[in-house]
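The following pair of complexes shares a single chain, chain A, combined with chain B in the former and chain C in the latter.
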Partner chain A sequence: MYQHNQYQKGKPQQVAVVGAGVAGLSAALTLKKQGIGVVVFEKGETPGGHLQQWHALFPDREPAAGVLNQLKQEASEQKISLRTQTEVAAVTPSGNKFRIETSQGEQNEFDAVLLATGFQLFDAARKEEYGYGIYQRVITSAGLEQRLGHGGTGLTVNGRPPHRVAFVHCVGSRDEKVGNHYCSKVCCVTGVKQAITVKERYPQCEVLNFYMDLRMFGTGYEELYREAQEKWGVMFIRGRVSEASQMHDGTIQLKAEDTLMGRPVRATVDWLVLLVGMEPEKRAQQWARSLGLQTGQAGFFSSPEKFLHPSLTAVNGIFTAGACTGPASIPESVNQGRAAALSVLEFLAEKDEAGK
Partner chain B sequence: MKPDNQQQTWQNYQKNIADDHYYYVRSCIRQTFFPGSEAAMLSILRNQLGRDVFDDPRHTSCTGIGYHSDIVPLPTIMTVVARQFSLMAEAGYKNLLVSCVTSFGIYNEITHLWEHHPETLAKTREHLYKATKREFDIPENIAHTSDVVYKFRQDIFSSGRYTLTDQLTGFPLRIAEHVGCHYAKIFPNKGVGGAEFPKVLTGMIEAWGGEVVDYPERRHCCGFGFRQYLVRENRGYPLSNTRKKLESLAPFKPDLIVCNCPGCAMFMDKWQYTIGEMEGRTFGPDGRGIPVLTYEELAGLVLGYDPWELGLQMHQVDVEPLLKKMDYSYSPEKKFLDADGKYIGQPMMAENCIL
Partner chain C sequence: MKPANDKWGFRAEGSEQINLDKADSSLYRRLLNREPGFAVCLFCGSCRATCTSGNEGMNFRLAHLLLQRGETARLKSLTDPCLLCGKCTLVCPRNVNIRAVVYNLKIMLHEPF
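Moving on, here comes the complex of A and B:
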């Protein structure tokens, strides 16, 4: 076990964490508790990353705000140095340190850098056939979370509850046509969770989920899928939507094939929700190129030792955690952040030892 | 998504359509099957909209049918297209106006190839010069005639005499549209609304008072694809595609079908007779077919043109029930008379149905 006081003999070693999402904050907290100096750079206005836009978390539908507030409170208690609205423009090796230059032109040196740059949501307008950005009532899963969240406008249509809502799974995931062959992993259970939430809020609403196959890999996910069918009557239709069109009254008409029944399906829905996948953050890919980091086929950061040391990169002293390494849930991002912090501590200890 | 983003997204699906001074290139087959359409287009542009159009008798087929059938090689069709452009430049025009959807696809495909493979452009210049001593400029704007009708749809409506309304019920006419595959499925950014949100025909229908009918096979090909259609033994395949579309739209009881492609309009119209002969089936009410119009014919009706000058008597499916619905002023007795009052013959009826 690491003895944190060994780092406190001289000036504490400094680590830069890029990204104040779930993984970045978890890593920063772990490092800070071990006596390491941490500066977290965040391009957004507030910490929390995508979690800030989320209403409830699968599988228990726990309010996202609770998790977020707890993380932010701990960060505040630990006096984490948080630099919001500060984009990292460049990371360059400088002797045995790394120089970080921000978009404001400020430069600082750090002993190690942890990249927790997260993901970006797939731009649903690229799947033209679903009409996102063209039709008013085609929204993304992220947009639905905001509508369902505090102060959100819900799914009421002209003052009445929705009659029918459809979800489309795998939008921008497992789709060669848009160049994303990989599975975004968390959308399946998100779709199930959101379907239940819609039923909870609008019990008379019919909810349809169009899917290729459902990947309920996590603890409690399969149970949630069963609950959606048995308790809430959510209908799961195996087939992809081929076309959506907007009717005069603003409803969306869907054309799909039910591949289990072997017949075409038409449905008119009040809302069409696209379960958008995760993509590598573009800025992070630029760094990857300039720093010589490895990325996998999908463009997420990859480790040269992915089984035993998944946080390591090809550059000694630069580490990764969270959804910048691939689609991840909140608990996975937390774990990865903490695990990466331990790898950073190991690295700093070796560096400290070598310096003596 | 915020409304301003939504407007921005829709803007991405618009195309630049030239406003005036068009060099018109005709279709090979339309003058046979829908003989009044191109004349109506020229008349609407010149007389109703006051636009300048040059109808050049020297231009030839684009050879697209031969190209898509692997009979005309790529360098040859490039040279033919280059000759059209040379004629256009010689006449002092920069805006190409294309009557045929196949040709529209060809002109876009070849200019795209020239842009991305400049060596083919250099080679084409050489070929054209060797063959004809001609040089050419690439058009500044390539528009399909349906683009231009879409662009001026409100002007047409403003000077129109009829709306697309069923005068017996007062309700809008229910209109099924079919956009030709080569209009925007090859180069989505060349069509209004792209491949997924084609607005070119629905924009006209809505502007002129009609109601667009959605049907499951709306975006399905009419089946015209040259390679299978040209081989007589394969014609069951294209026919089955048209039948699939007609079966899909019939339950929605449209008053008419409008197309923007010569081949599609021909297939949707003529195959109704064929299916009537083969199966004794019709897709409209009372054992009749569903009238099929080109967008120029539709515009011509809105403007009050004589239906027989528009060539509607040459359609396989009788359009008179539609004219009656619209309470259209016309002379039924002149249906099969030419300009000199001479009988011109009439289309055959299927044995088992009226059409």
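Moving on, here comes the complex of A and C:
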């Protein structure tokens, strides 16, 4: 085990964490508790990343706000130095340190850098055939979370509850037409979770999920899928929606093939929810290029030792964690953040030893 | 002489079972040779859903599946309605050039074997 006190003999070593999402905050907390100086840079106004947009979390529909608040509270108790609205413009190796330049032109040196830059949601407007941004009642999974959250507008249509809602799985994932061949892996269970929430909120509403494959890989996911069938009567239709169009009354008509029936299917719905996938953050890809970091085929950061040391990069002293390494759930991002912090500690201990 | 399976006054009219031990996938392999890209098909049905002739029985997804399993009897009726318009190719998430696959399949189905 590490004797963390050794870092406190002199000036504590300093680590920059880029991104105050779930992974970045988890890493920062772990490092801080070991006596390491941490500065977290966050381009947004508040910490929490995408978790801030979410209403409830799969698989048990726990309120996202609880998780977010706990994380924020721990960060404030540990007095994590958080620099919000501060975008990192450049990371440059400088001797045995790294110089970080912010968008405000400020420069500081750090002993190690942990990139937890996260992901961006697929821009659903790029799938023009689904009409997002054109038709009013075509929304994304993120939009649905906001509607279902506190103060959200719900799914009421002209003062009545919705009759029918359809979910489209794999929007911007497993789709070479938009350049994303990979599976975003968390959308399947998100679709099942949201389908249940719609049924809970509007029991008379029919809910249809159009899927290619349902990938219930995590603990409790398959059980949630079963619950959706058994308790809530969600209808799962095996076929990918090919197009949607708006009817004169504002409803959305969609077309698919019911591949298990072997026949084309059409359905009119009050709302069409697009389960948007995860993409690498564009800024992170720019860094990857300028720093010589490796990315996998999909553009997410990849480690040269992906089995045993997944948070390493090709540059000694730069580490990665969370969804910037590939689609990840919240517990996975937390684990990756904490694991990366341990890799950072190992690196710092070696550096400390070498400096003596 | 009566066939043996008729001696009870009824007969089993073939089997619904797909017998992979006897399946003949030579046509599938020949088509893959001409147009290799379609092996990555997900059978999602987008091609059928958007198909101009989808209501006339055109079904590339099913044709592909039958080809793979060596079931060639229905292939002509599943691909004859195709107008080669190419809409399927535009929606395919695996970027299969379905139009070219169907075009080649049509040629092969009309060639003498």
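The working rule: the second predicted complex is superposed on the first by the 356 of 356 C-alpha atoms of A that agree within 3 Å, B and C clash if a C-alpha of one lies under 4 Å from a C-alpha of the other, contacts with A are read in each partner's own complex, and residues count from 1 in each chain.
The rule we apply is simple: contacts are C-beta pairs under 8 Å (C-beta built on N, C-alpha and C of every residue); 3 or more make two chains touch, one makes a residue touch a chain.
For clarity, every value in this text was computed on a predicted model and none was experimentally measured.
Participant: Have a look at where A:Q136 lands relative to chain B and chain C in the superposition and call it first, second, both or neither.
Facilitator: So A:Q136 only meets chain B here.
Participant: Per the contact definition in the header, classify A:G250: touching chain B only (first), chain C only (second), both, or neither.
Facilitator: In the superposition, A:G250 contacts neither chain B nor chain C.
Participant: State whether A:A125 touches chain B only (first), chain C only (second), both chains, or neither.
Facilitator: After superposition on chain A, A:A125 lies in contact with chain B alone.
Participant: For A:P331, is the partner it touches chain B (first), chain C (second), both, or none of the two (neither)?
Facilitator: neither
Participant: Taking the superposition as given, does A:P264 touch the first partner, chain B, the second, chain C, both, or neither?
Facilitator: So A:P264 meets both chain B and chain C here.
Participant: Please indicate which partner A:K177 is in contact with in the superposed arrangement: first for chain B, second for chain C, both, or neither.
Facilitator: second
Participant: Quick one: is A:G292 in contact with chain B, with chain C, with both, or with neither? Answer first, second, both or neither.
Facilitator: A:G292 sits against neither chain B nor chain C.
Participant: Is A:R240 contacted by the first partner chain B, the second partner chain C, both or neither?
Facilitator: After superposition on chain A, A:R240 lies in contact with chain C alone.
Participant: Do any residues of chain A touch both chain B and chain C, and if so, which are they?
Facilitator: Chain A residues touching both partners: 129, 243, 255, 264.
Participant: Mind pulling up the chain A residues that touch chain B in the complex?
Facilitator: Listed in rising order, the residues are 125, 128-129, 131-134, 136, 139, 143, 243, 245, 247-248, 253, 255, 264, 266.
Participant: Residues of chain B touching chain A in their complex?
Facilitator: Those residues of chain B that touch chain A are 1, 5-6, 9-10, 13, 188, 194-197, 211, 214, 216, 219.
Participant: Using the touch rule from the top, collect the residues of chain C that touch chain A in their complex.
Facilitator: Within the complex, chain C touches chain A at residues 42-51, 54-55, 59, 61-62, 90-95.
Participant: Which residues of chain A touch chain C once you look at their complex with the stated criterion?
Facilitator: For chain A paired with chain C, touching residues are 129, 170, 174-177, 212-213, 238-243, 255-259, 262, 264-265.
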